[in-house]
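The structures come next, written out as structure tokens.
You will see two complexes here that share chain A, one where it goes with chain B and one where it goes with chain C.
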Partner chain A sequence: MAEQIRSNRQRELFIKKSTRVAASYLNRAMALSEMPDAAKPFFGTLENTFVNLRGISSCTEDSAEKGKHPPGIPLCAESSAITRKHPPGIPLCAESSVITRKHPPGIPLCAESSAITRKTIGTLCVMVPAELIYAAGAMPVHLCSGSNTAYAIGDDYIPRDACPLVKAVMGGGKIKALPVFDQCSLLVAPVTCDCKKKLSGVIGSVKNTVPLHIPPLKKEDADTEVFLRELYRLVPILEKETGRQITPQSLAEGIRTVGEAQYEMSEFLKYRKHAPALLHGTQVMVIMNAYAYMPADMWAGQMHKLNLELKARLSQEYFISRPNQPRILVTGSPISFPNIKIPLLIEEMGGILAADETCMGERGLYDPVSVIDTSFDGMMRALASRYTKPCTCPVFVDNSQRVYRIKQMIKEHRIQGVVYHVLRGCLVYDYEYQIMEDELGKLDIPIIRVESDYNEEDVEQLRIRMEAFIELIKLKEYAKNKEAPSGHTSMRKSKERM
Partner chain B sequence: MKKRRIGTALVYFICILLTAAAFFAKDFVLYDFHMMPSDYEYKETDQERLMQVDTSVWFTYGSDREVQYGVSEGISADMLMIYAKTEEKAVPVSAEDLSPIREDLIGYVVAAAPARELDLDGDGRMENVYDFARADFGAHTYELAPRAFHLQEIPFELAFEERKVIQVFYQGEPLVGGQVTVTAADGGQKVYMTEEHGWIDGLPIRNIREGFTVRYSPDGQNVYRMYYAVEDYAYFNEHFFRAQIPLLIILLLAVTGILIVYFVREYFARKDPAYAVYSREKPGFGMGNKAGKGNSKFLLVRWLFLIFGFFLWTYSGKLLGQGQLFNQVAVPTFSCPFNLDQPIESSCYYLTHLPVLFMRNWEYVVVFLATLVLFLVFGGRILCGFMCPLGFIQDLFDQLRRALHIRPIPVTDRMNKVIQPLKWIWIILFLGFVFVGGDFCDICPNKVFSTAMGGWWVNYVLGGFLAVPLLAGSFFIKRFWCLMCPMGYLLGMFYKLNLFKLKKDCTSCTECGACYNACPMRIKSIYTERGEVIPSRYPFMRKKMRDDKVTPSGYPFMRKKMRDDKVTPSGYPFMRKKMRDDKVNVQTVDCLMCGECIDKCPEDKALSMTFCGKAFYQSSRETFMSKFARKRGDGKE
Partner chain C sequence: MHKFVGEMKTDTYKKEIINTMQKIVKTMPAYKELVFFVKAVKDHYLADFEADSPKIVVLGSNIPEELVLASGIMPYWILGGSRSSSMWADDIVPRDTDPVSRSGLGYLKSGFAKHALILIPLVNDSSRKLAYILKTMGLKVHTFHFPPVKNKDSMEEWNRQYEACRSAVSRHLKMPLTEHALKKFREQIRQAKWKIHEFVQASEGILNGSCRMFILGSYYCMDNFTEWCSQLECLTERLQKEASARRHKRVGKSRVLLLGSPVYFPNYKIPFLIEEAGMEICSQADYTTLQIQAAWDLEGDSGDTFYSRDVSPAYVSNGSLYKLAVKMVSEQKIEGIIYHVLKGQIEYDFELGRLEETFEKMDVPVFRLETDYNYQDVEQLRIRLEAFSEVLQQKKYGKEALAK
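Then we have the complex of A and B:
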């Protein structure tokens, strides 16, 4: 009984703290100037998930439309099934007093919807094929959490030196206060880095978990074959969970569903590449994080609206940055909401987060499935190939392609500086910093390694370092601009001497 | 590992078996067209005298298996002496023996008109004129016995040899270096010198079919003339449909083979835990899903080219006008030259019969080699991807499999390595078999397609049997034959000189492997290539250059300053464009230039096909992604 009271109190504390942190980060990201209106629903999704503590509304756009939704209000349904699952004694949702900030107008609150909800399947990492989960009639949710409060709880279960992300996932699973976690009936955990590997074993005590073996090498056909076997093994497990069979048709439909989101994202990237920038990178990080908690078709629908708005901005030459603002790329360990302090700091200090190469950001959605053969086996092979070969996750032994990817992004997004984010204990990314530094040195692009944790104690130090880095880039640009005319004069002088 | 060893052993066993069987190829008879001379009717022609033709006796072929004889004024049919061949020797026969034809005769018939005195050249002096006419009762594309009669009574005769040449005999010996006058059906006259084998070189197949007369006068006093026509068959008559029989047999065998492979595969797959999942997809006709649907216009163009190539090498010769237009030009595609309805010939016959090539006159050899080299060097394997009729048939079978929802056999890189010996054995047989007394055409699996479809009666031996695994294989493996095609290998050897190139922009590539998965030839380097200078490939490179890996690869001797990424190309305006961009040619010997990789590539301009440096087909993210796009309103709701 005392145990019960203790855990209830812990839960209450957790909710108080985590919702406050999430709300403050959302506010800060929104406070960045000139947020597109169409981006608001993405913020709304994260708000529902992390502030209002509601479950994922997994109704599809179509079914919602049938439910006669007032137009313009994005959907976030409160399903009755989740309410029933919710442990008693815990305050639910928006009216809770923990939310101190005023609800901004324009962000819709949850609307009751009669839409049918799908089961949600938790995933970690970017190697779990969302297409398969959609084909099974469920919806994938990325559980790679950035919650500091969940991290603090997970600290009790995970060794000290493990990375905060793993701790946050464990904490989220243990606390039973985040509906996103509790809603998931199954967790598909790829065996990637050492921390995730052990996590997928440990978290089995709180969640029904399927570890998914990822081959550490990927160039040989045999390695892809190994992953293909894993996917085939995953199919009956998913089916048992959802009660729906994955048929060739439903798999093709799943590929199309995710492909639609990828299409909208590829359109979006065109606008993101524009310099001067059309929107803030931190907001993009929020949008990309929102994908983890939204059905792909709904996300694609919102993304389409955002693209239209950005298109209008581009035609009106309505930019949010000055032309000389340093364009920065963030790469390294996952940046998952609410731990978006690095992007926020970059942009608050006057930089523009022009691109990101992180797994909660672009990487998860960038590569489309290229179906070669339309048979069932062919589609599964295409999935196995897509989820290993182009993946630039450093858990793969040979990951030189990440360097090329970043070089390409530097070229396309006109990047002037790279922030290399390393979470404490994230060894695989730390390993690759050296290579990255050498390669970017050749390109004369400054790079800064930022190690951080899931807490707010280091924010001020980080702020100073970010400020200095951005100043460095500005100075460099200034020197470069000055150099050209001065070089010209010196040449003239030498000519005169002759 | 064990599987691989079994595979390797099996491949070597097949290689040895193939080589051994090749020597006894003639004993494996798939289909033997029995010439049936008895089907032919022998009667007098109802046509008027062939006015233009320079002879007094002639044979023509009627529409429905008739051999018709005609004589000019002054002689009657009774005066003709008729000779025919049995399998052993030539014998004189009477007209009654020909209608119907006597059992022992094989259908080669020569009619001799009585010697007359005529003034042919108009110089006022009479010459002794000996007129002959020759007819073949039945197909002429294969031999049951030597064609020449070698009779005392027929001192001058013509025979149709080596698929498409006329050999001239005079007094039982090939006429070497003789001056002969050929009168074609349209009345045109041309003077030829016969070759060292008695061949009249350069006589178009068109003339041979329409009928022609060869006049030869050894001394000015005696004039010998022989009229000859090779029977030509119209499409869609009985002859044409009967030519399809071996093809049907092969298709039937191939279908059986496909079923066997399918069920054996299912049987073994049952032990696979994944079987329960993928066996849900039942084979059956249907459009399938649209997940893999490409929207590339380029591939459509390629299909059109393939269809065009198929018609070009199978039917067009007859449709365009009789026979070959360019006799000597040889295009290296795998279409059977036994089908003489090709306006341009495939070079495979002379490549597999090199001694025969050098029996022809030097002009022929020069034109042949020149065109061959031209295509080899500048065209390359783009011919395989765009023009090869066998490629077309294989692609058709692949499409058939897709339509039936049967999963393919994936060719892994390991499996590809294992089947390499097969390619080498084919190359050895292709180029060298003739030197040990063999005939590659007997084991060529392609012989049946162009010939049978074109309505040609050709006998099929071992090669016909080999066509069965070819078809069954290409059903499960896209372009199965191309993986081991000897002709394709020869074409691909000079890929570095080709005008068509497949280039890769290594910075754009995300190594997603879609190109590799799409590639029917399983070229792995296309997605692993990163354009880096690999020092071990350039042992003589200066150390300084070798040290840093730089992008513009393939130019190890470029000045370091130029190779350096930091150098802006604008600083070197005269640097060749090729050096300035870091696009790498990812073609290999195997690349068919089929464009599948570019169609499946989701990255902008990562892969491009170029002609003389100009890209005409590039991968595009927009095109790739647009198949996922959903039709939406303009979002004003």
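Then we have the complex of A and C:
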């Protein structure tokens, strides 16, 4: 009885605090100037999930009942009307090269949403192929949480020095107040780092969990085979859970569904690279986080609208930043909503978050599945390859790809400074900091290591550091601009001498 | 190379080794059979690498021994217990790295293994990143991955890793490692582990916990496998004779089981403190010690039994360790558990919860102790251990009073 009272009280406190924190972060992100209208539904999704504490399908049910379109979820009628060209690299399901977006199998139509319930499968890392889950007629929900309140609850069940993400996941599972978590009938937990490895062992007490082994090496074909075997092991588990068989057709459809989201993402990146910026990076982080709680096709549909809006902004030269505003890249440990304090601090202090190399950001949707062989095995191989080979997660032994990718991003996004985010206890990212520091030093790009957790106590300290970092970039640019003419003169002089 | 030898001979490192050895030797009975082991450990840790650099270096205790022993070449095992060597790696690893990984990297970073093949078992985050750091230093590294979920597929994968390691060793030494040779050595190792088991049983009540740990640890310091086995046999015989001569050895000390992070030489801070606090270390249930002594009951001669019985925290759920620990507590009349966690070895902390629950039901108190290789916390740990020892004593008296 006493235990029951205690847990109810804890639940009440959780709801009160977590919703307040989530709402405050959403408001702060929205308050950043000139948010595109098409970005609002993404905010709506996170609002529904973290502030209104609604589950995935309950949002749709609710809307059907009220006859109103819920915030954050695009209208199915609208999305089904979107017609566009087939994105490159995605297998064709229809013969024509122009696809009319059809409602994907297993995803309830708005009109019939109250009648159809679709299972949701929780995933604890972006290395779980969402395509397989869509193919099984379920919807993947990415449960890597950034909730400070859930983290505090998880602290009772997870060792002190474990990373906050793992604690928040455990806390979210234990509190039974997050419908998105409670709705999931199964958790797929990739065994990536030590904390996630052990988490997949202990979270089994909360939810039915399938650990997914990720090989630590990825160069050899044999390593990909290991992951392929794991995917084949996952297939019957998903089929049993959803009661629906994964067929070559449904898998192709799953790949197409996620492929569309990736295609829209690639289009979006073209606009994100623009300097001066067309939208704030913090808002981009919110958009990327919303992908975790939205069906891929709905997210893609909304992204399509956002891309159109950004295109219009570009043609009207409607920028949200000044040309000389420091452009910053954030990399390192995941930035999961509501813990978006780092992007917010960067932008509140006068920087522009021009790019991110994080798993909850660009990395999750960057590389498309490249299907060469359209047989079932061929598609499975393509999935195994896509989720390991291009992945720049530091859990792999040789992760030199990440350095290459960041260098590439620095060039493409015209980055002037890098914020290296390390969540306390996230050792794998910390190990790679030194390499990154050396490599960026060669490029004369300043880098700052920011260690934090989900608490808000360190915000003011971080603010001061961020402010100083942005000042440093500004001064550096100023000195560079000042030096440039004299540099030219000396070059001219030396040429004349020659 | 010169730099490393210089570092090896620095006063701090030498002092660390010699001090620990002196402390152990003081508590050892004066048996001539023990001299061999003391010498083996001393030679290993104060080796002159300039004169004789190793051909194969093994980091940690997770690589099946036959893979290196079958070649006839003795590898240099680096378990990572030195505080001095852990400081050598301070500038290349993150602050929160565990001292074992730091110490291992410290040994290797100066290039004494420039021409060696370094075998690294991939069992945790640090080992993965260490492998990469060493590769970028230009060292020859071969990694051995341990699939974290034990099932039929992972067994297959482990066998693939085993074969890959076998060919890497074979390629490096330019000599074939035949199936016959591996089988022969697996059998020899099995017999050696029987001898280790006999030694552990014979040593009870005669050798103290740290001394027994030292002898067991010398397994990774040996120069000659056959000689080490025969010397151990001689020591066991001597201990058996002593045991029959004096029957009553116990002095009413509380019997504790040391669980959690392995204790590696020369960092014997914890066993020394436990004994100074008046407790007796009956057994250790860390994966290295269990690897040395528990494999004696291996049946069959396939390599994968090593994997299936491994109790390291490299797995999603470490059921094997749980079962073994429960068995040890009930069979050895353990009165208390000391759960040793080295800072940064988070997996052990994850495993504590389940063990704590079980031991609570068995009415065996569990004491979690977190430390690193520094000596600054010794006095705090001493007070805590003394308090735990008193709790165990009080509990014992209470039980005796109830029985009366």
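As a working rule, the second predicted complex is superposed on the first by the 425 of 498 C-alpha atoms of A that agree within 3 Å, B and C clash if a C-alpha of one lies under 4 Å from a C-alpha of the other, contacts with A are read in each partner's own complex, and residues count from 1 in each chain.
Just so it is clear, a contact is a pair of C-beta atoms (placed from the backbone, for glycine too) under 8 Å apart; a residue touches a chain by one contact, two chains touch by 3 or more.
All values reported here derive from a predicted model rather than from experimental measurement.
When both complexes are superposed on chain A, chain B and chain C sit side by side without a clash. After overlaying the two complexes on the shared chain, residue contacts for A:198 are found with chain C alone; chain B is out of touch.
By the touch criterion defined above, A:401 reaches chain B but does not reach chain C.
In the superposition on chain A, A:371 makes contact with chain B only, not with chain C. When chain A is checked against chain B and against chain C, the one touching more of its residues turns out to be B. After overlaying the two complexes on the shared chain, residue contacts for A:336 are found with neither chain B nor chain C.
After overlaying the two complexes on the shared chain, residue contacts for A:233 are found with chain B and with chain C alike. In the superposition on chain A, A:248 makes contact with chain B only, while chain C stays out of contact range. In the superposition on chain A, A:217 contacts chain C only, with no contact to chain B. Of all Cα pairs linking chain B with chain C in the superposition, the shortest spans 6 Å. Chain A residues 222, 229, 233 lie at the interface with chain B in one structure and with chain C in the other.
Listed in rising order, the residues of chain A touching chain B in the complex are 71-72, 219-222, 224-225, 228-229, 232-233, 235-236, 245-249, 251-253, 255-256, 259-260, 262-263, 266-267, 300-301, 304-305, 308, 366-382, 385-386, 389-390, 392, 400-401, 404-405, 407-408, 411, 442-444.
Residue ranges on chain C touching chain A, taken from their complex, read 92-97, 122, 124-126, 128-129, 131-133, 135-136, 143, 145, 147-149, 153-154, 157, 160, 313, 315-318, 343-344, 346-347, 349-353. Listed in rising order, the residues of chain B touching chain A in the complex are 273-274, 276-278, 280-281, 288-293, 402, 405-408, 410, 412-414, 506-514, 517-518, 527-528, 530, 565-566, 600-602, 621-622, 624-630, 632, 634-635, 637. The touching residues of chain A, when paired with chain C in their complex, are 157-162, 191, 193-195, 197-202, 204, 211, 213, 215-217, 222, 226, 229-230, 233, 394-399, 425, 427-428, 430-435.
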